[in-house]
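Heads up, there are several structures right after this.
One chain, chain A, links the two complexes that follow: it is found with chain B in the first and with chain C in the second.
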Partner chain A sequence: MRVLPVILLSLFSALLLSCDRRSSIAIATEDNILVIGNSNEPKGLDPHLVSGVLESNLIRALFEGLCVDNPSKDGVADKGVAKDWKHSEDYRVWTFYLNEKAKWSDGEPVTAHDFVFSYQRMLNPKLPSKYADMLYFIKGAEEYNKEKNPDPDSIGAKAIDDRTLELTLRGPIPFLPEITKHYTWYPVPRHIILKFSEGDPATPFTGWTKPGNIVSNGPFQLKDWKIKHYIEVERNPHYWDAGNVQLDGIRFLPISNSYTETRMFLDEQLHITYILPPEMIPYAKEHVPAMLRQEDYIGTRYLRINTRRQYLDNVKVRHALACAIDRAQICKSVRGGNEKPASGVVPPFAGYTVPPGASFDPERGRQLLAEAGYPNGEGLPEFKFLTTDRDVSRRMAEAYMAMWREHLNINVRIQQREWTTYLQDQYDGAYDLAGAGWIGDFLYPTTFLDMWTKDNGNNNTGWHSEDYEAKLKESENSIVPEEKLQLLQDAEKIFLADMPIIPVFWYTTNYLIRPEVEGWHPLQLNNHPYKNVSLKRN
Partner chain B sequence: MSGNEIEERLEKGTSLWKDAWLRLRKNKMAMIGLWVVIFIFLTCFVFRWFLPQDPNAVALGNEFAPPSAQHWLGTDQLGRDMLTRILDGGQISLLVAIAATCLTVSIGIIYGGISGYVGGRVDGVMMRIVDGLLAMPFLIVVILFRELIEVRVDLIGKFLTSEWGWDKDFVRRFSNIIPLLLAIAAFGWLTMSRIVRTQTAALKRGEFAEAARSLGLSHFRILFRHILPNMLGPVIIYATLTIPSFILYEATLSFIGLGVEPPNSSWGVLIKEGANYLESNVSMLIFPAVVFSITLFAFNFLGDGLRDALDPKAAKD
Partner chain C sequence: MLRFILSRFLQTALVVFCLVSFTHVTIRMIPGNPFADEKAMQPHLRERVAEAFGLNESFGNQFVSWWSNVLTKGDFGLSTSLFGRSVNEILTSAFPVSLTLGLGAMFIALVIGIPSGVIASLRHNGWIDYGSMILAMVGICIPAFVLGPLFQLWIARNVSWLSSAGWERPTDILLPALTLGLAVAAYVARLTRGGMLEVLSQDYIRTARAKGVPGHTIILRHALRPALLPVVTYLGPAFAAVITGSFVVETIFQIPGLGQHFVTAVTSKDYFLLPGLVLFYGCLMGIANLIVDIVLTILNPRLREA
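What follows is the complex of A and B.
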């Protein structure tokens, strides 16, 4: 009777002992595969249809644009598909010379026609591309995308020959190489897309991005995609610079719970985490200080105000609300990740001085509120504060709520909503105040300023100003770099004077990285070129 | 022995309830459970009012303070007093559980009683409805239901504050749990109605029921005056055992973000937030989790003891 359990137990322990007892990260390092957390399952891999940061991490491994990020320097464009480029005196016409060795992963050459095809496809009004406005720098792009001009050949992207691409822009853009690093500017394989869409490139979701179908031109190609499990990429043998690619593969894990992700990292299952939640920063500082990275990031956390609402349409009320937020305290006590209190919407860029805007001044806040006709908050209703269902959003909302109550005697109600509802409510204008954030797409202040124009899908505040848009336009048409920045600064001044959003802090990236990973340097956009990353093996 | 004494003794005859109480008193675990339940209730609902701290008062700069004279259990991630947050959370959790139990018991008794007493085709239809409802995924239905009635509850809350001048925060805190409560109650009565129905179907054939019928009493009177009191035992047992499961439901809903509105607390919310600090500040998790577990254990032991006491035939020993 007693024998059976003993046998079972010994069998079980034999099974345990026979397992490979190296950690999964040791095995991955041995196989030269980088394992990184990527927060969630991507919405897709079609560069024209997605808009998230996590998709961009995958697309950057699979595809390559005209220029690529430098592994360690911000604002430097390295050679990608383009081996060289030149621009006209006024920065309006750019010519890119493509590398003859640039090939798709099926061996087909990457030509200038692929780029023209890509831009026409992305801008095609029939394709539901959320990020089409990233291409509006091209002359005629906006008109074609907004169906004002039906001719796709009217946009300023021309293939002079197979290897020469000429781009005509809507204004002088000296930082175009920076923009071409963004995945919306990447080429997509014309021959594959046309094969799967039966001739109409604007057919979305055709299955050309499925494993086995997808063809890409980046350092890696798609190997395996197990939904909710992992996405793995492997070396692309046809990549023009394949000799310099260090890794044999990258495995992206869709771990949506950041606490789970951090615990997996500490359990040696990941090389790099997507983020480190604020709650765990003190723990990481104490236990794995060498693996903790806290770096500057081009992103702003702010509170969006629905200026169409009664009371909130009063600029003094908006300024009063902004004065009551103790930014330094929030950065220190609620976030704890070295974030910096934000006075404006544009984070500090090289050469751009942030104009003075929001600051913590409860006395002035009370005074403004009295001037607006609501002394001590009397007469103001209870505002609703919309935020996401994440714990850190809740904590920040509770902190704002307490500050408004303490300093202005204004009450708010916190409404936590699931992500899609949260976005939709803002888009529909069904909110009073909302916690929000914006991460820059490229290293230039316009990535933070262009969205506050009239009818922009990311504005959602109901605020717009002709003066503001005139300044932006003027800046775009100027050729002198200093003047461009000065005009953008003027625009931000106009913006902050009306305070349609309340800046709170400038983001930093907080993540954990194992010491084996080399070639992963701090970058403001956090877009690390994977081809330069390597794993140190013993 | 004088005649008087004998008479007194005879008069003292024990009732069913007294018997049950004696049996319960012998059950040590059940008695501990009972005292713990009483203690938790007293601290949450009585002792709480003697504490001056405001559980929603944020004090940034004083996060994760260790226990002190001012904050007996320290402070949480926003510098709020942990003890009052746990006690206020307990008010919400216990209130939801008790009120939901009362509702489920009432609905269950009426529905199951009618079904069992009438019998026949009516019984068949009524019980198939219950079967159908039981087949629905509880959590999803609760979420939908909650979305559905939330707006209406908001209106009631507005009415209470503007028309009757009730304190806004107070109304907010409790009006907030009504959707949760109704949602739990709406689907919690099913098992209760099954139990009551089986009991009624068996009891209605008893001689006392026949006697009542022959006296010409109305069906209503027979059902609620003669049959129901006879099955209070199983009903009480089941009710005590559902309380902890409802506390757990509330915690589950709060844990997945569908519970009380911030900044208010409930045990589910506190445990959820505490779990994030498992590595860095484990006391955030320990304090609410311990109180929560003790309460669940106490209710379960008490329920177990009550079953043994009220229904000796079904007792394990």
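What follows is the complex of A and C.
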């Protein structure tokens, strides 16, 4: 019996001695590895099958498109796989010249054929690719994807030779380089996908993205992937610009609990957090102000209205509801993350002026309600407000509920549903009002405006307008960039006049970042090109 | 003994089969869709996803082929929430982590629980007894989601070799195992104390004392063994529960174990991961209970005839 304590004590001492006394982050910085929170386990790494932000963060480290994000300037497309590009006068035909040094991580060259293969695979109607509509800019893409034309070669993506890619678009798109930064436009390794799918590229979920199998063309390659533990990427020695890649690796941690993530950051275990929960913002402002970042983010929080429902089909009722929302109060008291009250659905960014739309005006709200035949809310039923099961969603819902009751005498009952049910209820139209948000894919208003067309799966309001869609179409066909934006603004005016959604605020990103991280600048899309990020070492 | 084990085994198999079948049915009945996310799926693609996972067949066919794959090939199917990952892969990556954490937690529970229960019973109605039992009650009452963050803030932030969360260094097991183990320790202490008090008042203990057997021999050799019977009964299910982990402890400490998968499989409506986990958990529970039954018969010979 007396031996046991001795064994235990020596085991414990050995355990302590084996530990490095430096903090995790000091070790990682010394090793030149960036450690970063990434909110959750990715659904996958196949760029053609995923659609979330956290997957995008991983895919951008592993793969690279024709153009890449500039590390510090919004709306600037830097050279990626393409070393140069030109377009026809009407912006319909684009030619990309690929860098001959561009290689896959197994040393195979990245060719124009890989891009063509990639676009044909993503648009293949047999592949369950949610984001295929991102490629609808290409001529014939929508027809092929929707099985109206069975020929994959009919789409406007052609390899002129190994190094020249020609894209023919469905309309004039002056901002195409901006779009090619999105991961849906990245090439995927044809030789690897065909190997794992036994020749049929449209076979989903084959496991080509697992460690040991995956081959990528970005600044980093996959080193290790432990489910719900971490994903680590390391330098890709075959990357064309490997000499300018600063980091030796990045470790992505799928920390789903944002409070745990904050505690890990404060305990020196992370360089950058994915998010900072609203409740922790005052603490961060007081204790670590130099590490807190609050930056504009290309996203809009809004309330979706089911315009198919009785009462809510009345545009005056919808406007009245919009007038009763005190946006500044929500931003200040409920969110506290420097969000900006939203008047429209498209957030402000260079070149686009948001038309006047929703604003807080309870007096006008009451007047509109009376005009609609419901003075002081009389005659209106109790509406159900659908939202997610997150704490912050409930707090926002309670704020809206109080505002509608106070200013319009309208009663609302909150229905909290867990994530997939909440989404499904909106797809099914089984709601009256719902809290929702949308994050843009690229810096152009259409990423917020295209979804409100008639058959778009993300609309779910039951609202559509021929005038609105005509303006969108007209804008797409215009070749003058200023005119395009003006027409989009006109479309947004039509949209806001009908108010199928109530804009609430424009998002900001709130996160913590350590001072040794360099090259991580504010970007509206929050897509930081990892190859320019570095760690300052002593 | 063999007959006893065989009959318990068959009972367990039946229970596990019913449990897993029930899970299969209920996961399909709850509202929501395993493939719903921020971006809507176009109608023509929904069928493709269903085909890829064999969901286009009737539920009966899916059910039969799932069971036959499990029984003949040990194949639990593909996860519908983690693309391209098999349920087997997820189980084999998460189980060793949960087992390690569970063993750590049980070790802490026994090392703290049994001695404090014994000491409390020996100082019956004294301040040590009241003190340790109040402490045990507090241990049972404070939920892990309070205890875990407190440990992170009070201990991990001030001790350089302990991390707030994560599963990287060997010391990373200490705080989560303590959080998970303390509640079990509290139960163990109360059960040990109760068992000891009952045994210590028995005639044979009095006889041993009268014959002049030293105090520690009486406690360790004669009293503790029967007194631990209720503890052993409790340990089976407790061990299985601790191994499958606590969702709360695993998310607070960012541990890649089974507990996280259990909850996310429900919220993401993973049609194959959840039944796989329930089957795994059911088997584990069955085995733990079987071992408890065997240990009980060894500890208490009277049970062998029963």
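Definition applied: the second predicted complex is superposed on the first by the 520 of 538 C-alpha atoms of A that agree within 3 Å, B and C clash if a C-alpha of one lies under 4 Å from a C-alpha of the other, contacts with A are read in each partner's own complex, and residues count from 1 in each chain.
Simple rule for what comes next: contacts are C-beta pairs under 8 Å (C-beta built on N, C-alpha and C of every residue); 3 or more make two chains touch, one makes a residue touch a chain.
Everything numeric here is computed off the predicted structure, so don't read it as measured data.
Trainee: Counting only touches as set out at the top, which of chain B and chain C does A:227 meet: first, second, both, neither?
Mentor: second
Trainee: Is the number of chain A residues in contact higher for chain B or for chain C?
Mentor: Here the partner covering more residues of chain A is C.
Trainee: Could you say whether A:329 touches chain B, chain C, both of them, or neither, answering first, second, both or neither?
Mentor: first
Trainee: Mind working out whether A:259 is in touch with chain B, chain C, both or neither, as first, second, both or neither?
Mentor: Touch status of A:259: both partners.
Trainee: Is A:420 in contact with chain B, with chain C, with both, or with neither (first, second, both, neither)?
Mentor: Only chain C is touched by A:420; chain B is not.
Trainee: Can A:376 be said to touch chain B (first), chain C (second), both, or neither?
Mentor: neither
Trainee: Touching A:88 in the superposition: chain B (first), chain C (second), both, neither?
Mentor: In the superposed model, A:88 contacts neither chain B nor chain C.
Trainee: Would you check which partner chain A:10 touches, where first means chain B only, second means chain C only, and both and neither mean what they say?
Mentor: Neither partner.
Trainee: Shared contact residues on chain A for chain B and chain C?
Mentor: In chain A, positions 259, 263 sit in both the chain B and chain C interfaces.
Trainee: Could you please specify the touching residues of chain A with respect to chain B in the complex?
Mentor: Checking each residue of chain A against chain B gives 259, 263, 277, 279-280, 282-283, 326, 329-330, 332-334, 382, 389, 391, 394-395, 397-399, 401-403, 411, 413-416.
Trainee: Show me the residue ranges of chain A that touch chain C in the complex, using the header's touch definition.
Mentor: Those in contact with chain C are residues 15-16, 18-21, 23-24, 41, 43-44, 46, 49-52, 125-133, 146-147, 204-207, 209-210, 226-229, 253, 255-257, 259-260, 263-264, 266-267, 269, 417-421, 423-425, 427, 456-458, 460.
Trainee: In the complex of these two chains, what residues of chain C are touching chain A?
Mentor: 30-34, 36-46, 48-49, 52, 78, 81-85, 89-90, 93-94, 149, 152-153, 156-157, 160-161, 163-171, 251-254, 256, 260-261, 264, 267-269
Trainee: In their complex, what parts of chain B are in touch with chain A?
Mentor: Chain B residues touching chain A: 56-58, 60-61, 63, 77-79, 168, 172, 257, 261-263, 272-273, 275-280.
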